[in-house]
Each structure stands twice: as C-alpha cells, then as structure tokens.
Amino acid sequence: MKPARRISPLIGILPLVLILAAWQGLAMSGRVTENQLPSLYVVVMRLLEQLASPAYLSDVGITLFRLFVGFFIALVLGVGLGMAAARSRVGAAVVVPIVRVLGPIPKVALYPAFILLLGFDHSSKIALVVADAAFPILLATLHGARSVESKLIWSALAAGTPRSRIVTSVVLPAAMPSILTGCRIGLVISCVVVFLAEMITSTDGLGHQLVIASRSFLTVDMFVALIAISLLGLVLNFLLGRARRFFLRGFPEES
Amino acid sequence: QQVIRVGWLIPAEEAKYWMMKRPAEFPQLGSKYKIEWVQFQGTSPVMQAFAAKAVDCGTQTPLSVGQGLIEAKVQTSIIAQHVFETPTSFSVYWAVKDDSPIKSVKDLKGKRIGVSVLGAGVYAPLVQMLEKNGLDPKTDVKMIETGFAPSEDAIRSGRVDAGVLNQPFAARAEAKGGLRKLFSVADQQPNFVHILEACRKDFVDQNPELVKAYIRDLTSAMGKVLANRPETLKVVSEVTKAPVSVLDTYLLKGNDFARDPGMAPNFPAIQSLLDSFTQAGLMSQKVDVASFRNGDIHAPIK
Amino acid sequence: MIAIKHVSQVFAVGKGERHVALSDISLDLRDGEFISILGPSGCGKSTLLYIVGGFVKQTSGSVEIDGRPVTGPGPDRGPVFQEFALYPWKTVLGNVAYGLRQQGVARAPAEARARELLAMVGLSGYENFYAKQLSGGMKQRVAIARTLAYNPAVLLMDEPFGALDAHTRNRLQNDLLKIWERDRKSVLFVTHSVEEAVYLSDRVVVLTKSPGRIKEIVDIDLPRPRVRAELLLNPRYQQYVIDIEAMIDNQPEQEEAA
Amino acid sequence: MNKVLRAPGVSALLVCLGLLVAWELAARLYDNPGLPTAAQALAELPRIFADPQATFDILDSLRRMLIGFALALVVAGPIGLLMGRSPMVEALMNPLLMVVYPIPKAALMPLIMLWLGVGDASKILVVFLGVSLPLLYHSYQGARAVEEKMLWSAAAMGMNGAQRMFRIVLPAALPEILTGCRTGIVMGLITMITSEMIARQTGAGNILFNAMDMAQYETVYAMIIVIGVLGIVLDMCFEAVRARLTRWADRQTDATAGAL
Amino acid sequence: MIAIKHVSQVFAVGKGERHVALSDISLDLRDGEFISILGPSGCGKSTLLYIVGGFVKQTSGSVEIDGRPVTGPGPDRGPVFQEFALYPWKTVLGNVAYGLRQQGVARAPAEARARELLAMVGLSGYENFYAKQLSGGMKQRVAIARTLAYNPAVLLMDEPFGALDAHTRNRLQNDLLKIWERDRKSVLFVTHSVEEAVYLSDRVVVLTKSPGRIKEIVDIDLPRPRVRAELLLNPRYQQYVIDIEAMIDNQPEQEEAA
C-alpha cells in the first residue's frame, strides 16, 4: 500500500535522455534545418568550449549573482510579508489588499519604470526578479501560515513563548512545507525573469549571450545559453531537494 | 483566394499602415489576395519567422537579411524599401548634454555610450566612427543598450554620456532642448538604408504574381502616404496610437527619414552597407546584394 | 485561584445555525486543588479547558485568575491537549525541552531536565525520534512531558492518559500525584475514567450531555497521600465511584444537536 | 467603520487609492516623461477605450489566458498530484521539470513558431507553461501532505489507486491546489503579456508594446492599470470560488484565532 | 481465516539505525472470532493491525487470508484508526455514507444506513457538522460508524473506544457485540482496557514491551451472549481480568529503544 519511497532518483535521468534523443533524432530527421535545431553534438562541444572561456563564465557569474540576490530578497520579502499578513490583523489589513492589487500586475511591463528609477545595471534587473518571485513565495507562506494547526501555536504560547516569537518559533517551521513549495516556484521564476531582464536591455549575463546569438541567428550559441540555464535549473533543483529534506525531516510527508 | 502572411513593425512603415487601415483604397487587396498581418517586435524575430515559414513577407533591415542568409541560411528577396537616409533627410545621431565636456568623438574615450541594441544596424557606423577616431570600441568605451525610446532620458539623467536618437524621439528631444548632436550616421555612412520589405525567396518563386500584386499595392500606398499627409498622420496614429500632434512634429517633414514614392530598393546603397557590416564584424562574411534581388520582382510596380 | 463565572460557549455552525457547547458554567479552582471533569463525549470539556487556558474566548461569562480576567495563554497554565499537538519539526527531546528553552534556560540544563521527564514517562532512548515515528501512547507521553517540563502553576490536562495502557497509566497517575503534592499545583483534569477521577481529585465535576452544564460537583473526601492499593479496598472510594457512575448514567439517552 | 472596511473590495479599493496617490507623488517628484503621473495615466483610459479595437484586443488576450489556464489545470494538476503520491512519477518528473521550466519562453519562440506558427497556439502554450508551474508544484505539495491514514481507509473501502486520487487526494490537496491557482492567475496575466511581446496579431500586448515603442508612457501605464484591474477582478472571482470549495478546511481566520 | 505467520517489522530510524517494532508474531484469527490485543504503549499493536490491513508491508513473515497472502487493503477488512482519519471535506453524514456510495449504493439508501449508524453511535443531529467541529470522542464515533457502514467481514479496530466516556463506551461495546453476533464478523481489537478485552473477546493476546512479541494468548471461556451485569458478578470473568492484568504488570520496568 505504502509504496516504497526508495526509488533511485537516478531514473529521473531517463526522460532527460529521451528528450535529448528526440532532439538528436529531430535534428537528423531533416524536418528541421540545422539552423532551427542544431545537432546535440555540436551544441555540447560549443558548450564545453564556452565553459572554458573566462568571458563566458563571467557572464554566467553575473546572471547567477542577479538570480541569487533577487531570489534572496524575494524570499525575505515574501516570507516576511506573508507571515505578517497571516499572523496579525494589521498585517493582513495592509498586506493582503496590496498583494491583491500589485500581484496580478505584469511586472515585465513595469520594467521600463525600473530602468528609469534604477538604471540599466544590476539593480533594475534584480528589482524585476524580486517583483516577480516574491509573489508566489508570499502566497505560499500565507497559505502555509494560515493552515498551521492552532494547537501548535497554543502549546507554544502556553509555554511562555512571547507573541513576537511565535512566528519564528512555531508558524515558520510549521509552514515550512508550503514555504518551500513557494520557494521552488519563486526560484524557477527568478531564473526565467533574470533571463528576460537581461534579454530586454542586455549588456551582460547569460541572457545577453542568448539575445546576441538569437539576433544574429547563431542558433548553436542560443542553445548553449538555453542549456546553460537548464543545467542551472537542475543544480538548483538538487540543492532545493536537499534543503527540503533537511527542513522537513520530521514531517510525515517526507518519509 | 491567396493569402500572404506579412510581418510588420512600428514605427516607420506608413505604406503598410495604409493598406491595413484603408484597405478599400486597394481594389486588389481583399479581392485578388488577402493579407494576414502579424506584428513583431524587431526584425530578427521576423527573420526567425521566415526560417520557421511562419510568415511570408515582412519588415527587414539590410543587416538582418545579411545575417539571416549567412547564419540562418534563409534566402530572402528584397521587394521594397521603406525609409532611408539622404544627405538632406534626418539621420540617426548620437547626442550629448549641452554642458557635456564631450566635444568630439575622440572625447568619448572612457565614456558610456548608449546604443539602441548591441549589434544593430546603426551599431556599425558607430564602431567605424570610433575606430576612425582611434578608439577601440571594445576597450576604450562602454556600450550600454538603452533602446531608442528611453535613450533621451538616459542621456539627460546621465546614465549614458552619449546616447542615440531616432525619430520620433529626436524631434521630441529637440523641442525640449538641452541636448547637442555629436555625430550622425550619415557622417560615417551616407545613404543609410533603414527599413526594407522582404519576402522568403521560396515564397516569391512559388507565387510571383501574388508578390507582384503585393508590391503593386505597396507602391501605390507609398504614393498615397506622400500625397496625403493629413490622412497619413491619421493612419499612423491609428496604428501606433501616438497622437497626431506628436506625429505632426516630424512625420514626413524635413526632419524625417527619406521615402521614395516608388519604394525602389537602393541595391548599391544596400551593398555598401552590407560591406560595412562585414568590415565592422557584424557579419561573418561578405555578401553580394544580388542574392537578395529576385529578377524584377521589386518595387516599383505600377 | 481561578474563578470561572457563568461561562457559555456558542459556536456558529453553517449558515446562521448555532450550536451551544457550554452553558453557564461556574466553578472555582482553588490554589493547589485537583479538580477532575467528567462528562459524556461532546459535552464541552475540552472547550472549557481551552477557555481557561485563554486559547478560545468564551461567548459570555468570564474567567479570572486571582481576580484578573484571562486575556490569553500564559506559562502559568500548561495545557496537555487531547490531540497531543507535538511539533513535527522537532525531535522528542526538542519538543520536551522547548518550553524551557523559550523561557531562557540554556540548552544543556533544558535538555537535562527534558531527559529526566522522558525517563519519567518511560521514553528514554526515544530522544531522537520524530513524532511521526511514535505510537499514539508515546506521543501522548511526550505531550505530557513537554508541559510538565516548564513547570506551570496550573495544569490543564485533557484526557492525558487516554491512549495509555493500564500499567503506564497507573505509573503516570502516581507520578502526577507526586509532582502535584510536591509542587502544590492546581490541576484541571479531563478524563473519562471515574476511578481515575476519584483517585486523583479533590473534587469531581460532572457535566451534563451537550450543551454542557454542571450537573453535580462531588467533594472527594479521601486521605492524602493516596495509595492505590489501599484506596481500592476503601469502601468510601468505591462508593464515590459508584455514585458518580450513577450520575453519569442517569442522563437522557439521546439528545439532538442544537 | 470596521464593518465598512471588511466589506469585500473596500480595503482593496483603499489600497488602490493609496497606491495611486503614492505614484502621483513619486511621479511629480521625479518629473520624467518616462514616468507619467497617475492622473495622466488615468486620463488616457477613455482615449484607449474610445477605440472598440482596444476592448476586442483585451478580450482576445483574456481568452487565450483562460484557455491556457484551463489546460494547465487539466494537465499540470493531475501530474502534480501523481508526483505527490507516486515516488516513481516524482523521480521521473522532477529533474525534467526543473530543466524545462527555467527556460525563458521568449527565447524558445523561434522553435515554437516552427511548430505552432505565430498564431494563438504558440501564445496559449506560453501561458500554459507559465500557469502550470505553480499549479504543478502546489498540487505536488498538497498531494504529498495528504494524511496517509485517510488513504488507507479509502483503500479499505475498496477504492483503487485512480479513485483514491480523485476522491481523497484531490479534495485533501484542494486548499493547496487553490493557492497554486491563485499564483497561477498572476502568472497567467504575466505570461499573457510576455507571449505577445515578440509576435502578435491581436491582444492587450498590441496596445502596450506599441505604446512602449512610441514612448507613449501615459498609454503604457494606463494599460498596466487595465491589466492590474483585470487581475484584481479575476482574483476576486477566484477568491469567491475558493471560499465555497474549502469551507471545510481548518482556517485560522475566525475570531478566536485572529486574536492571537 | 487470517493467518499471521512469523511477522516482524523493523523501521529505519535516522541514518542507518533500526528500530524493531514487532518480532516474530504468529497468530490465527478464525472466521467469526473476536480477538483483543493488549500490550504496553508502543509495543506494536497498531503496526500489527496495519500489516493485517495490508497498509504496511511487514519486514519479514507473512499474513494470509484463507490461504492467500495479503497484498494490500480491501473492503473485506475494515479498519478503525487510532487517529480517526476522517475526511475533513465531507460532513459527518458524508463520511459515514462514503464507503457505501463507493461500493455503488445509491445516495438515498446509503444515507439512510449512515443515519442509522449515526443514531447508533449517538450522533443524530450532527449529520451536517464537519470534522473540525467535533469533539475527540465524536470524531472517534464517526470513524467507527464509517467503517461499520460498509459491513466489512473483518474489523481491525485500534482503540476504537479510547476517547469515549464510560457510558457511551459501554453502549458501543454492546452494539459492537450485537453486530458481531448477528453478522459473525472476525474482529481484531486493540485496547488498553483489560475489562473491555475480556468482556468482548474469544481470545486475548498480550504483547510484551517494545519490541512486541506475543507474551501470552488467553482463551476467554465465558458464555455468550454476554451480559455485562451478569458478567461483573461472574468470578471467572474477574479472575481473567486479574490474571491478565498481572501478566501485563509483570514486565520489566523500563526498556531502552533499540
């Protein structure tokens, strides 16, 4: 009944291999030109070549920097505001309507304003990442914090935990499963958005490499950039899985 | 009834805007053939759409047809020319603030220069202008992508030391004052061709009559653009949603790009541009303009 | 002293319907007193405990501690919930040490005390288990240890020995009595076992079927310290058990929800 | 006073007003054509809607978004639930999703155009990808957290795996799934706009991006207001549905817990 | 007949550590037999029930029903869990009617039967309550009604009356016996009350402290149908209770977790 949770995570490689095979098959099938879908081999060789070049690596570094700074700020904001909204009336009265109003606004459309206010550099791109990634984290936190079993909070209050510390000491850990789900979504959104921002006004970063390649129809370089971001996604997924297992080790769903 | 899928852009394709908004003026359009309009953001997506055979004709620039041929192996035929520069017309230029210490191109050393898009067409004359003045475009200056629209503000707020101005933003900036022209594209590359109309070569080969009909209407549309400025202002305003009062400051005036009533592609000028792109490193090899010329299937066709 | 004055609790159920859980309860819990609450399932015992704990606000009436109205929970009143409510992200040891840590005790002494209490409830060796790895009775014992650990002046215990086997239950009853006698705590103790109530309490409060009202308050006049073996042979004890069982049985068979 | 504040929409309205005032002040202080004042942007609204094409464009965008959303609900929801309950599916899908999702769809446009053309299909796909992200992960988390014994008792009633999925996992995970939907609405609006960035025939993006190209910032911000209002309205509709569907859930927003 | 053969259960706790919950349990549950399982808290009673129910796979040994090994849960074995596990999105009525609806019974008859069972467990009038609006004992009664509703041949009951007051408990014990006698079900019944075990069962199985082993199996040779009032005066009954209590008490005081 309870399926053995001992399934090697390695089988996750299978669909990836299938996709790569489909790619290669398609590239060789003649249905697409080499330019629309270059062969896997060419892309991989080019990727290795690029990864050896310090200039390319510095672009990767810049993108990573923006990604992490943006995500981290979004995390702090999202969890902080989410907790405030879930745990205090004033917080709810202020945060919930603001979130309802600001949340659905497409932030990309605000990017020109960010540029005007913050310039072309890191800060406007980071701001866009924050604006997009904070929202899912906030909603997940709100949901998680609101569904904390009230007796957990009661126990803590009765143990003399000051109200000010209830949030960090009970609500936060109890809402952790939901928060981590929000983080996963926020992280993916951060990846997409940092790229998007770098593509819109591009001076550096992986997104810039992508745009340059795409504008001059260097499909191989385009795919190199796309694969780089995919690999980034894989690495982040692995780290997140680790974090999850650590934070949720006591929760029944993580057995 | 045959259909052409046409990619279009804003802001400077008045002939196409006429065809979109005043189709009744073009008897063949709608009776002999139909147009499916698809708007794009930039000419390289149009080229990618060519590659994917998602559109048949559309807006191009000399640079993107060249790159498309070399890198994407997409063969295109240039059928018409929308706007370009002449010695008397507007020319895209780089401006600095009035009180800027930058007096000449040489003073740009170590400065931040705004460009619309890195590697765009007007990037080539900039690079060549810098090189001519002994500056290495890679190391001596820092190029920043600003796009055309936010460029004026980037200059005024000091985020770039010199920025690029195009219409209609140049007219607006000039009206406001405070900026000074440093050099223009024409100073380096006279007779710059900005916007072309091109079709996939295979499409032209298969549907020569259809394309000819399209060219015929384009040509007649350009006639109307030039003949009836008040109506053109209205048409452009309907498409771009820019108020007529704003358009009135430059559109089809002395400070606008040049337009040819016959929309004839200036193949020699395009060739010279292609050469300069190759020289500036924007294109990886030399390209002969003849590869974009499909017999006599190009404007003007009356 | 805790004074419960005319407390009633009404819940809204669905649209506009109301369900009376407690009706006009008045009761004093004197300092150092051990009161048990008995009553049929669903009569409002847990609700009463929540109100005294300050977790739930009563619909009407008031609860005062030494003359001051209860406005919320505090470390003077330690609850043991019917549902245990252990922290899933903490180990058994972490759960038990939690209260002390919150009150500023350093880790080492807090954990030492937690180990002591775990030994008392028979869970030495399970310090590093998580709640999901415990049996029902083990969770309950951890919950008891967690509350006892920070030594509240008043204990609010909701069927704390309900999931335990007779043997463990007896041992914990005795341990609770020892702690109570030593520290002179006040205890409000919900149970379904009449023997347990009589064995432990100074007074036994019997509630009626839902909506809960006080049906009777019985003073248990038995000598202290009480020794189970002696008590079982004491006819007064047996009489109390029989009397109280009769009170509970003597209720209308089936009542509809309000 | 408190009652008035609690009436649906009132607090949101107040916040809107507050934001508009803050914007107005900021724009005046900053005084830059790139950042028009709130009043200027609002004044642009009647001008936009004077053209019936604008309403048509916006409705067309909305239609694509709703289709994308519905598809995501039908596809990503079940996959997420399966991932939450089956370690096999989880192990299979997890890396795949993490590879696919971070790829910016704008960059994939050439390939998408190749298969789906420049019409509705490719835009719906982009919206679908955007919306399915939160739906999938929230369903995943919700399914994972279903109390095992509820599934056991269902199995003992004779339910097979598929039935348990539908009748137990789905309702138990519903509050979490609905949180995903809420994020999904936002993602839907964002991707609805970005999907129209590169190639478009009709849509709200027409107005927005054209205005941006022409530096008609009043129109740009007026459109942002329009889309924001759309979002708020959708969110409110959704909230009403949510409240109906999860009456049973243990919410702490009632009076007793609110005091804490 | 259910044959439990040399069943052991070992849990992995933390990195590499192992915790033995059940060790070499062999037991036959004959058709129509009522077996109670007694044992100290944490000895593995629930785990044993989960294994028989097919919810958890034993580490070694086998469970067979009429000669076929158990591979998963089925509607022939109805569990009542210690934690109730009600469906929070369904009302009380919906929870109880669920099993029948699931087996294809139409709404009206399913709900009629559900109402019958709710009346039996004393919850008429609470049909439209949600689980969060019920007291602990009420939830437990809904869980019992839910399982009885679809009439499984074997009942696996984990302290089903643990959260009930004595009065309700007695009533439900009698109702259970009546159902059992009428439908000749087999019952595996976990309890902490020796009296309850003796009152209800054909055989009582006493497990040792963790890791659980079978310490003793006692045949309860008392006449059926059993009437509580008579039984209480029956010295054989009292002797059984005393004997079994002694068996349980006679265990080492404190044992470490493996």
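By written order: A, B, C, D and E. Residues from 1 in each chain.
Note that contacts are C-beta pairs under 8 Å (C-beta built on N, C-alpha and C of every residue); 3 or more make two chains touch, one makes a residue touch a chain.
Bear in mind that the values here come from a model prediction, so they are computed numbers and not experimental data.
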Steps needed, at minimum, to go from subunit B to subunit D via contacts: 1
Two chains sharing the most contacts, counting C-beta pairs only: A-D
CA centroid of subunit D to CA centroid of subunit E, Å: 47
Whole-Å separation of chain centres (CA-atom averages), subunit A against subunit B: 38
Sites on subunit E at which at least two other chains make contact: 54-55, 72-73, 83
For subunit A, residues contacting two or more additional chains: 1-2, 36, 112, 116, 149-150, 157, 214, 219, 251-252
Where subunit B touches two or more other chains, by residue: 42, 48, 51-52, 149-150, 153, 157
Partner subunit B, residues of subunit A touching it in the complex: 33-36, 112, 115-116, 119-120, 201-203, 208, 212, 214-219
Touch list for subunit B against partner subunit D, complex: 5, 7, 10-11, 36-42, 45, 48-49, 51-52, 54-55, 149-150, 152-153, 157, 168-169, 172, 239-242
Touch list for subunit C against partner subunit A, complex: 50, 53, 55, 72-75, 77-79, 81, 83, 85, 87-91, 98-99, 102-103, 130-132, 146-147, 150, 152
In the complex with subunit B, residue positions of subunit D that touch it: 32-34, 48, 109-111, 113-114, 117-118, 197-201, 206-207, 209-216, 219
Touch list for subunit E against partner subunit C, complex: 11, 13-14, 19, 38-42, 44-46, 82-83, 119, 122, 124-126, 128-129, 133-138, 140-141, 159, 162-169, 192-194, 245, 248-249, 251, 254-257
